[in-house]
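Shown below is the structure under consideration.
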Amino acid sequence: MSAMSEIPLPQIAKRVAPWWLLRHETMLALILFVALIILGALNNRFLTLDNLLNQGRLTTEVGLIALPMTFIIITGGIDLSVGSIVGLCAILLGYSWKTFGFPLPLAIAFTLVVGATAGFFNGVGITRLRVPPLIMTIATLALYRGLAEGISQARSVRGYPEWFYFIGQSDLFGVPAQLWLLLIAIVVAGIALDRTTFGRTLYAIGNNETAARFSGLPVDRAKLIIYTLSGLMAGLSAVVLVSRVTTTRSDMGIGYELDVIATVVLGGTSIFGGVGTIWGTVVGLAMIQLLKNGLALTGVKGDATIVVIGTVLILSTLVASLLQRRRGV
Amino acid sequence: MANDQALRETAAPPRLSVYNIEKSFPGVNALTGVSFNVAKGEVHALLGENGAGKSTLIKIVSGVFPPDRGEVIVDGKPVNLARPDDARRAGIATIYQELLLFPELTVAENVFMGHAPRAGLGRLDWRAMREKTRHLLAALEIHDLHADRVVGSLSVGNRQRVEILRALSQDARILIMDEPTAALTEYDVTRLFDIVRKLKARGVAVIYISHRLDEIFAIADRVTVLRDGAHIATKRVADTAAAELVQLMVGRKIESLFPKITLPIGGPVLEVKDLERRPLTKRISLTVRAGEIVGLAGLVGSGRSELAQTIFGVTPAEGGEIKIRGQAVYIRSPAQARTLGIAYVPEDRGTQGLVRPMTVRENFSLAALGKVAFGGFIDRAAERKLASDGVKCFAVKTSSLEQIAGKLSGGNQQKIVLGKWLANKPKLLILDEPTRGIDVGAKAEIHRLMGELAAQGLAILMISSELPEVLGMSDRVLVMREGRIVAEFLREDATQETVGAAMMGSHESAEKVA
Amino acid sequence: AEKRWDGADDLPVNPLACSAGEASAAPAAKPYDGGQPTNAPDKAGKPISLVDVPKLIGIGYFNATTKGMQDAAKALGNVAAKTDGPTEAKIDEQIKFIDNYITSGVDGILFAANDPVAIAPVLKKALSKGIHVVGYDANSTPNAREWFVNQAEFNGIAKAMIDSMANEAGEDKSFAIVTSTFTTPNQARWIAEMWAYAQKCHPKLKWLETVEAQEDNNLSFNQATTLINKYGDKLSGLFGMTSVATPASAEAVTKAKLCGKVAVVGLATPNAMKPYVNADCVKSVVLWNPVDLGYAATYVMRAVVDGKLKPGATSVEAGKLGKLNVVNGSEILLGAPFIFTKQNIKDFDF
Amino acid sequence: MTATTLIHAEASPRRLLKALASQEALLAIAVIGLAIIVGLYNPRFLAMRNLSDVLLGNAYIAVAAVGMSMVIISGNIDISVGSLIGVLATVSGTLAVEGAPIIVTWLAPLVVGILVMAFQGAIIAYLRIPAIVVTLGMLSILKGGLIGVTGGKWITDLPDSFHLANIELFDAVPMPVFLMIVATIFAAWWMRYSAPGRTIYAVGGNAEAARLCGISPPRATVMVFALHGFFAGVAALLYATQLRVIQSTVPPNLELTIITASVVGGVSILGGVGTVIGSTLAAILIAEIASALVFTDVSPYWIRAVQGVLILITVIADILRRRRMARA
């Protein structure tokens, strides 16, 4: 059974199509394209520039975190604490501004530092103490959320100066301001992963960490960097989120970890490490957000929408992996 | 030669025969119509270059892959080997080339996985499992391996022993061994051969794969040579000679196996003084000079790999001193060792050397990314050139640079691991079992290369369990036992006897001589 | 061991008078402080489509409000109402739902906010697109919506709860609270008002501790049990602040065989409480009728669209509920909280 | 002969030491130690009643963690289990309200649990989609489906006989605690002494090697998931029969709590390592911590932070212990 499906498929596939067509990302993009056409035909408000840009605004927070998460999952790791870091950073943004009296720009910088530190702490546990990433970040998931609750004492901070809402609510050249942030981050992350020695190191770690270490690659440093980056981006995401919703709450970002992981995995990054691209993550991000939006506009209710999303996650992974089973040894 | 008689006398069908087996993988025809048979009580050797298709053939016989065409016949009856379990039920036990073990489980459980002894109610009988494992260990005269050890903590040599135990534990009628001795020292090989002879006497048919010709002459009755997936010849060992086999294998003549040229030796590149790393590296002192090849001999578990890995920064030293070209250094990580010009070709290429799912190109550039990158950005063209030079230089048999490295045959994988380090232009090269699982042609190639590299002024520290290789290649031989360097021989003083005696320690060497 | 509880939202507390009967003090007249839609199309008397985005869907309470809305839609005849929302009470998700409905183009949005401030930008966006916005159950900042239908004023609930507790447990006894989370605005407000009212009218009541239990049945049960075990005889009462926590607390008291010794007072829906009320383990359950709340919200929305409810109005006609009063500038009060007892609980089914 | 006895004499104290230094022992010490420390602060914590309530209220987590541990040891993961427990509790409760025989209401969640999980296992094993993807998808499907079907209507009016959790054996041991102990012991025994039990470790440790030993990794995966479904069914039953209301929604974050119990219990997320005794002890420890924090008057705002720190300490202690063992 398994041996049968193992060998002939890629052979057949190889003959009928060039390799890049069979990549998970390409397949997913095609599926997305078809879905867009169908949903667009069902509802004339869906495929409007306004709506699409607005969806971009709404998905920026998850998108920002999904980029470093792609790095992390490519190395075979995972970071479950991102949602809690968002909560902690949101609280500290408000707290440092209101209670410490930091000027807001300083408070923002402070928030980013806190995010990076939280991620760095994960990285230290993972590289120095060799705690498996899932375990380390499950523990800090509780810890960081707890800190957010403890520090905030359930208080929210509001009444930020008007300029601060620029990040989360305004447009720049007709495009939501935070979407620029996301776009820049995507380009940087994409190039870093695809073109640099750093990116190659991540793939090598994910495919065989021991061999990567024995090849003299800076394994621990790379890991430390990606977990720190993950915390940093969660911090940035918190700033964007606070600016968009104009208040801070200690329960911000709850459940982000699953949204982010679903995005990355849907984008074709293997949870076992070694395989994945930023481009795939971007398609995954667009897919989830636009499906939710398109279905809602077409009159599908929330509970049915998440059923559809779950099914799409499984089916698209299945279709893509059937057509693309060419990597792996 | 009683066996030859046995062969002739039995009119019964051979225990195992394969007819016209064909198998192709994407881009490779691994086997193109191979037939041969093994009689009851026969040891049949399979010989061929790396990638000739030996492992593929035995994997078909073991039910791992289905053949594209052809038949496997056991005791005259065709068998359908769809799954490994079918092969086991047909009485076939296999030691695979890749050590396929359960790292988290104990030796005993690894040995008996899938056919554990049962007590009442289908309950696993742990006591019997341990007991039987101890018996097997005793039969192989292995005293330094405990049945309760977790396999993940064992050295490669010991893992190989576990694989052997596992195959022996199955009481098979057909025993297949794919390079079982690649990670073993002579001492173990002798014990293994004793067992094989006993099995032979019991009528077990054995298929034996090795790149060590002397072993084939020592144990095999007949030998089948494969080349590029095709059956070339089957010969009775008694009727052939090494030179003939080599020629059949590679299709041309190979010159000297150990083309050692003596060179002028330069200043010290590596100086180690009182190096300590518990539990296995104890007050080691040694020097390797430019242009010199130092051989490091020792038994399995004597701590040679540990020493190499301490020098390389995998397990940083806890005491003592390392000097590279006279500069005292403290090496904390392989990354640092690499920048100091140290290269280490590890003994376990599957887990330490090669990133199996990545392409040949990516593997080649892995240790030399700095050489093909500018400001952190990889220059794709330079990378491709680096890799294709490597493929050419080492004659790696691959369908393209974008081939997944893990799909190459074992020997070709080894060439890539070696090649990736040389791309980094190191000053000190540590080779841990550099020719394990490499065919004679490629081995000669690697030995020639070692000579050339030394001539260019590279300092080489070579760990090898193959005594002839150590003796043939080294300018100096160091012997390790239980974490210490116990003897040092100059090239002219090093012989099988002197080095062997030092490896064993006194009483065991006495036993060996007897 | 509890310090002053201020609801964590920095709003002033406003305890009612101690004397019984007077559920809500005459509110100081406040000018209208709601927002207004820009260029809303005139749909007076015409059919309209509404969407209702509650805190979350799939819980009994919001099912009941939905039912009220459907009842009202039927009664009015020219309203199509639909309920949709997140499956967990997450403000982030709720914002996305509202945003989607703004895009798809509805005439009016009804909401129950997970966070009063965070929801404001998206509601303002709705107003700016000419969509009418009315809140119920949980308010937003006033200028982000036109009207808010207030089920019962915080201080009214607080008074009912504390009075019941003092009455059932005794004036000088100790009690603890099981709430959802400290950040849930309504619960936080109620607790703050309860504190203020207790200080003023039942100063001898002892306030032991407040624990979080989310909206989780079993967690609420565990937390209530822990409180019972921790305080032993000292504990004479438990408040359940959510419709989940109250039956779970009652169950904990029942399991500990402390019915009659530990009073359970709380907000809850009648069906879940019937076994405990019938067994005399719980004497009074405080709640407004959520069906009426949904009903009223729909009528208010219709009145707004029809131009019958304008800033400055003092009351609004709400079908079978009769005339509802405007309080606090832009809030419409449903009425005094309702107290279910053994006598009347069988008459309700939700 | 003398040589072997000598080795034995040497080995057994070492083995004892090893057993004492295991994750299970560490957790057991933590459970008892914490009880004593909290008891010193507030003796009421040590009351039989309280200790038994801690177990009673959290037994369903421990039972679910038993199945989860098997899944993780086999090299997979399941994040849909919280949703499934919500669904199964609703199935059971609906049947009870509809008047099905009590035994049916008790068996139904087990059967449905096995079916749903075996189905997921089959998708993972035969279509070869990573477990995290399948179960992440299934989490949404079950969660949305449950709300879609029930509309979130609470199930009330459950018959008294339905409440399995109210039964006390010998007037002392509450049923959930009994089931937790039985499930743990049974699973521990089965995973140690049965051939299929060992295949879980084999497949999780090295699937390819397992295949060559005649084990069918796909079949093992389906088996593990079916078993996990069974334990999820038992957990759902305990969850549903605890109170007189069933919420018909998915318990928030339950999957995370269950996974936490497994990994704190020493189950390696990489597969191949762990025991269910560890995960049950960890579930008890986590529940005990939650209760202890209330008893020790830790400010409720800081409870979660303290919980996080304690979990982190347990995990790091385990890692350091393992490292010391490895070097000894």
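First chain written, first letter: the chains are A, B, C and D, and each begins at residue 1.
Throughout what follows, a residue touches a chain if its C-beta (ideal position, glycine included) is under 8 Å from a C-beta of that chain, and two chains touch if they have at least 3 such contacts.
A quick note: this is a predicted structure, and the numbers were derived from the prediction, not measured.
Put simply, the chain farthest from chain A by mean CA position is B.
Here the CA centre of chain B is 43 Å from the CA centre of chain D. Chain A and chain C have CA centres that are 36 Å apart.
Counting partners per residue, chain D has 143-144, 147, 268, 301, 303 as the residues that reach two or more other chains. Shown for chain A are the residues that touch two or more other chains, namely 149, 153-154, 301-303, 306.
Shared contact sites, meaning residues of chain B that touch two or more other chains, are absent.
Counting only pairs that meet the touch rule, the chains in contact are A-B, A-C, A-D, B-D, C-D. On chain D, the positions that touch chain B within their shared complex are 4, 11, 192-195, 198, 201-202, 204-206, 208-216, 268, 272-273, 326-327.
Residues of chain B that touch chain A in their complex: 25-26, 65-66, 82, 312, 314, 333-335, 337-339, 344, 346, 351-358, 362, 365-367, 369-370, 373, 376-378, 404, 406-407, 420, 424.
Within the complex formed with chain D, the residues of chain A that make contact are 1-2, 5, 80, 125, 129-132, 134-136, 138-147, 149-150, 152-154, 258, 261-262, 265-266, 270-272, 301-307, 309-314, 317-318, 321-322. Across the interface of their complex, chain D is touched by residues 1, 57-60, 62-63, 87-88, 182, 209-212, 214-218, 221-223, 225-227, 229-230, 232, 244, 247-248, 251, 255-256, 269, 271-272, 274-275 of chain C.
Residues 43, 45, 50-51, 54, 58, 149, 153-156, 158, 165, 169, 241, 244-247, 249-252, 254-255, 292-293, 296-297, 301-303, 306 of chain A are the ones touching chain C in the complex.
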